[in-house]
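Two complexes are shown next, each including chain A; its partner changes from chain B in the first to chain C in the second.
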Partner chain A sequence: MERNRLMLQIECTYFFEENPFALETKESLATRLGRSANELEPILSNLVALSVLTKFGEGEDTVYRYNQPIMINEKLEV
Partner chain B sequence: MIRCILFNSGINILYLFIIQKSMNKCYDIRNYEVLGVIAMNHITSTGIKGIDSVLYGGFPKGSSIIVEGSPGTGKTTLGVQFLYYGAVELNEPGIYITFEEFPQQIYQEMLAFGWDLRKLERQNLLRVISIKPDVLYKQMKTLDGLFEQIIKEINCRRIVVDSISLFQYLYTNPIEIRETLYNLRNIFRKHSLTALLLSEQSRFNGEQSFEHYIFDGVIHLALKEYMYNYRKRTLEITKMRGCKFIEGEHIYRITDRGIHLVPALTMVEDVVISSQDQLSTGIKTLDKLLSGGIPRGTSFMLDTNSKANFKYLVGAIIASRLLEGDRMIVISSNVNTVLEQQRILALYGVNLEEVGKRKGIFFLEHYQRHIPSAFKDLTFDVKDLDNNQYQNFLNDTLAPMVYEGLKNGESWFIYYDLNTIFSQRGAEFVKQIFTRETAWARASGITLFTLCNFAEVGSEISSFLERTTNTVIRTWVDSIYQYLQVTKSTNGRISEPYIVETISDKPYIQLV
Partner chain C sequence: MKKSADHHKLIQHVQDAFAYQYNLSLLLFDIEGNCVSSTCQTDSIYEFMKENIHCLFSTYPRVVEVSILDIIPGLQVMISPILVTGKNKYYLIAGMLMDDESRDMISKNSTFNTENREKWANLLNQARAITREEKKSLIEKIKILSQTISTLFEYEQHEHHCRELVNGIYRVSELADQNHSISDLLLQFMKMKHDLEFIGFAEKSDEECMVSHILGDKDYTSILGSTFIIGEGFLGHVMASGMICKWNNILNDLRTRFFTRHNIHPQALVCYPVCKDHEIIGVLFAGTSQKSEIDPLTIEIGKIIVNILRSFLNQKEMFATMNLQLQRLNAVNEICQLMNRAKDVNKIAFMLVDMSLNMIQANFSAITLFDLDATSDKVRIVSRGLTREQSEQYGKLLFKEYQLNWNVHSGEIGQIKAEIRKLEWGATVIECPIYNEKLLGVLSVESVECDEDSKVILLSLASIGAVAMHLIQEQLKQRDIKVACLHEAVAQWDKFAYEFSKNLREMALRFCEYIGLSQVERTNVEHAALLSVYHPDVLVGILQNDHEIYRIIDDYYHLHNDKVQETKGNGQAYHLGGQILRIASEYLIKNEKKILMDVHVDLELRQKFNSFILQSEVIDQQVAINDQEYQDIAELSKREQEVLRLIVQGLNNKQIASKLFISEHTVKNHITNIFSKLNIKDRAGVIAYYYRQKMNS
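And then the complex of A and B:
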């Protein structure tokens, strides 16, 4: 069970890492990942708690946005 | 200090006013000349040179434009190219909103054109956002919602929404869809965003969807069959509020640097070796179409059908040459007598008798008709000459006279009704001598103006004549309007068809 949660967490993080400006609700993310929205709910809450994501709004309309880690090499490039 | 205020009236006419504070005056500047000066500040490059040419500069800033087309027509590429160019070349940051595609996929696909979108995102010049249409719509309407936050984050100036067709799945009621799209347009306008709304719907078969009414512009992309085995990509602009554009279909290609569009009616430039000073036609718009006029020492042809009234067109051209002091040879048609020419030219301020007194004009007469006494000495009677004799007359009498004048620094102009030569001397004769005559005229720096009815002489001869002539101007009557189009010119441009309108003042016609 714990392993499944971890796998989903990685899947979500990877999605946002590859699509850093995606603005997703629980439902829309579930559609993009091909997962169940109910399964994703605790995962997204956890990622918000870890400051990987920021959430906007409440309830069904909650939108999740990625907090991009700032890489030193990217800062230098900019 | 000059400030510009832009607003839209209830009848959708764009009014642009300059308020010159120091003078406390208000000027309506809807005419193009004045608008042209100011409009440059209100236009932003599309990122595609050919489309900029078609739009005379680019999109009006802050406008919302639909780009519609079936799958594979390059809507996404056009949208991203618009954003990429804006970000890199104009420092106008942009947002690409995708409802279905993953941004990751767009990043990868656009690398094929050399566009590194992730890099632009790191420079805060771009955002590729995936979001569901209903969520976007809610966020757009929320004060300081995510949409407004992102716009502020990057000082966004451009936006692409891919695609607005998905809004139709949000609502079943067309009124709600219309209201949503109307809201979108207003929100983009409020934030002064230049927006491209991609649309998958292809409802172009004469049917206008309501989006076409709501948004400021409509661009249609299509993939069409071409020469049986090929496909051609065409772009057509059917609407662009506040902006003039070249109508019709323009072919584009998707190259390794993105979309490349070749505006229609553009041909490879014809190099004119002889003198480049331009001769005015006496008609302002026509001079503009010809980049200043007819280059001296070239040949140009007016192709006219029997219904078209060309007497003012010919009158304006001939009068402007005579007023400039050119010496002229006229080979008239059976309907165009010397007296008729005298009457028309008088309207343009030319006193033909005075011109005749200084030997400024000569006529070649192919018909048995009355010649006014003032012009008898200026008229060569060639009606009884057979083709050989006529050719000898040209070589032995006319050519030396012209050469003599050219040696003395005179400019010569020949107005030549080719229909007369066809009817009096036959098509074979024309084919034999026309190339020689035009070559002689061009080599001598003489400007040759011929009149012909291409439809009457047939396609083979007309294509031969077209090939031999530097500039071809066509005028014809189509139902209730007369049109004029430059179909060949030394500057390589083919014009769009203009309506010929009769006016009460000189030059008595204008091109609209």
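And then the complex of A and C:
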């Protein structure tokens, strides 16, 4: 079965979680995941909208990187 | 076809009975002059009529009621039009007739002197002589016969029409599956009702409605995409009222402007609301510019079409929902597999936060994890889309409500449900307990609609996360116990080895933290350090499920005892943990502040260890540094100064790259420049240079 958009989005998210310091363009990510850049474009835009990724630059040179979630690990004064 | 033949037979019987009763020849012709019946009467009259009917029609083209026509003066036939649905479709011809006293006069007519004299004489002999009174009476009888035949023809046509409609509706009902479109459905309606000139569908979206489909005799596509407000015009009226409406004689009605500007000029229009769950989702409309009224039967059939359309739309939506659910199920399955690969709880928390956002398309999500020790008030919060303050505030709230008050007894698993909460800053969240034997935390995701689907998906993710976390914790617990037992056993037979492994553990852990290894990697190195006094062969069976620790110990053993495997030297590197233990143990044994000269250990790692030792000593000397006290070094660029400061703080390349939002490659370039400009060979030298500069200043 053809991988749907949601599955591809999860695949992209997992890639960046596993490589939190990766800086990838649409093309380089397509090469890494074995996908076409066109099918990745809307997915990357959606991940940016969800704040999972941050993008730098515009057009073909746009670079994407993972946004580390906020992590708090402490005693709380409740 | 059989039904049609039955009707024709019946007409023939009626005709024959009438002919026999009144001693006449009767024939039925269509308006083209084709004979559509036979006669049981005299052949000569029948033959004459067939031969001469075209001549008769051309002579008397507009016969609109029962008339008597002279074939030759005195010799007559009666002709009666047969109307079917108001239109002249057939002629009934009855003959031959003559006035009772005129037989002799007719025979003297010049026609009789032609070569066909015998034929005419024959006709004359067979002609029925009637009186004027009989003729009047016969006209009335012929009228009744014509009406009877007309009714039978109309009945036949009606039956044919009904069969066509039933077949049409059957064809429409066959279209109600996912392989067809709304256009197919409308096209079939058009085919069924030829009196309609156009048919279309307008769908509701937000507060407006838009024409999404149109079909017609001409190209009406320019109306596609036209919008109207609920209540506006004919279509808007139906959207607002929810009633089926028909409008006749609307050519000059201002409300037709919606259509006329797209070159559609309806005289009559019928509109049907299309409902789903008591809500109007669109309007089906049909009209004609040829007639000022729409046939009532068309309106009734339209009702059936609307019902089929509603089922059709419901089915489409159901398929779409089912497809979406299937996609989500596949996605949950994939997430489940990915979580199984995770080696620590933090990783699972990150995945839950990101994956839940992907599944629900929300603005924020958060995981609040409670400490396993029930008495602890420590929480771990991983969030995306919330500020730090919001995360803390929300974490405290969850700690109070869940960790302190929430309780589920065993056997009441079904009670674990997703809850909805409205937060202080206005957002609404779905909260799902992460529960496996005990409450591990809460997954919270913002949701505008808070629909059941979202709740089920998030609860599934929380359950998957709970199982994955529980498994990891159990594995770690078991391993902790195993490692502790093995380490304590060493104390029984080799006190020195026991103490050394403790020191090795402490040194290796500090270095791991210095170079920024993850918690999982640190724990692996820690356990390997404690078991490093064992020969790997002893541990191979015991650590069969802890491959990483075994690999670290095995590689450390080979590096430490100079039993370097050639294959490793050529390709595969020694495990980072094994190399760390090798450097740390060498330092502990020899206490030398020089770079280890073992080529099998990565040079950069050895340099980092030297920097680490140097920095530790600097810290021991309590040389306090902070941002304001950094000394600028004139030879370096602004960016190189920044990199230098971070080196001095002990950050590795990856951490520097992350901090400055540049690639590791760029960091390496900056460091190479720094080395070159300051004429220094390694990081330790950089740190030493910096402090020398600082002391001098």
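Just so we're on the same page, the second predicted complex is superposed on the first by the 66 of 78 C-alpha atoms of A that agree within 3 Å, B and C clash if a C-alpha of one lies under 4 Å from a C-alpha of the other, contacts with A are read in each partner's own complex, and residues count from 1 in each chain.
The definition used in the following text is that a residue touches a chain if its C-beta (ideal position, glycine included) is under 8 Å from a C-beta of that chain, and two chains touch if they have at least 3 such contacts.
Remember, it's a predicted structure, so these values are computed and weren't measured experimentally.
Novice: With the two structures laid over each other on chain A, which partner does A:L23 touch: chain B (first), chain C (second), both, or neither?
Specialist: both
Novice: Going by the touch definition up top, name the partner, chain B or chain C, that contacts more of chain A.
Specialist: Touched residues of chain A are more numerous for C.
Novice: Per the contact definition in the header, classify A:D61: touching chain B only (first), chain C only (second), both, or neither.
Specialist: Only chain B; A:D61 stays clear of chain C.
Novice: State whether A:R32 touches chain B only (first), chain C only (second), both chains, or neither.
Specialist: After superposing on A, A:R32 lies in contact with chain B but is clear of chain C.
Novice: Pick out the shared contact residues on chain A: the ones touching chain B in one complex and chain C in the other.
Specialist: Shared contact residues on chain A: 21, 23, 74, 77-78.
Novice: In their shared complex, at which residues does chain A touch chain B?
Specialist: So the residues of chain A in touch with chain B come to 18-25, 27-28, 32, 56, 61, 63, 65, 74, 77-78.
Novice: Across the complex, what residues on chain C touch chain A?
Specialist: 327-328, 330-331, 334-335, 338, 346-347, 350-351, 353-355, 357-359, 361-362, 377-388, 391-392, 395-396, 399-400, 654, 657-658, 663-664
Novice: Of all residues in chain B, which touch chain A in the complex?
Specialist: 102-104, 119, 121-123, 127-132, 135-136, 138-139, 145-146, 150
Novice: Would you mind writing out the residues of chain A in touch with chain C in their complex?
Specialist: On the chain A side, the touching residues are 1, 4, 6-7, 9-11, 13-14, 17, 21, 23, 46-47, 50-52, 67, 69-78.
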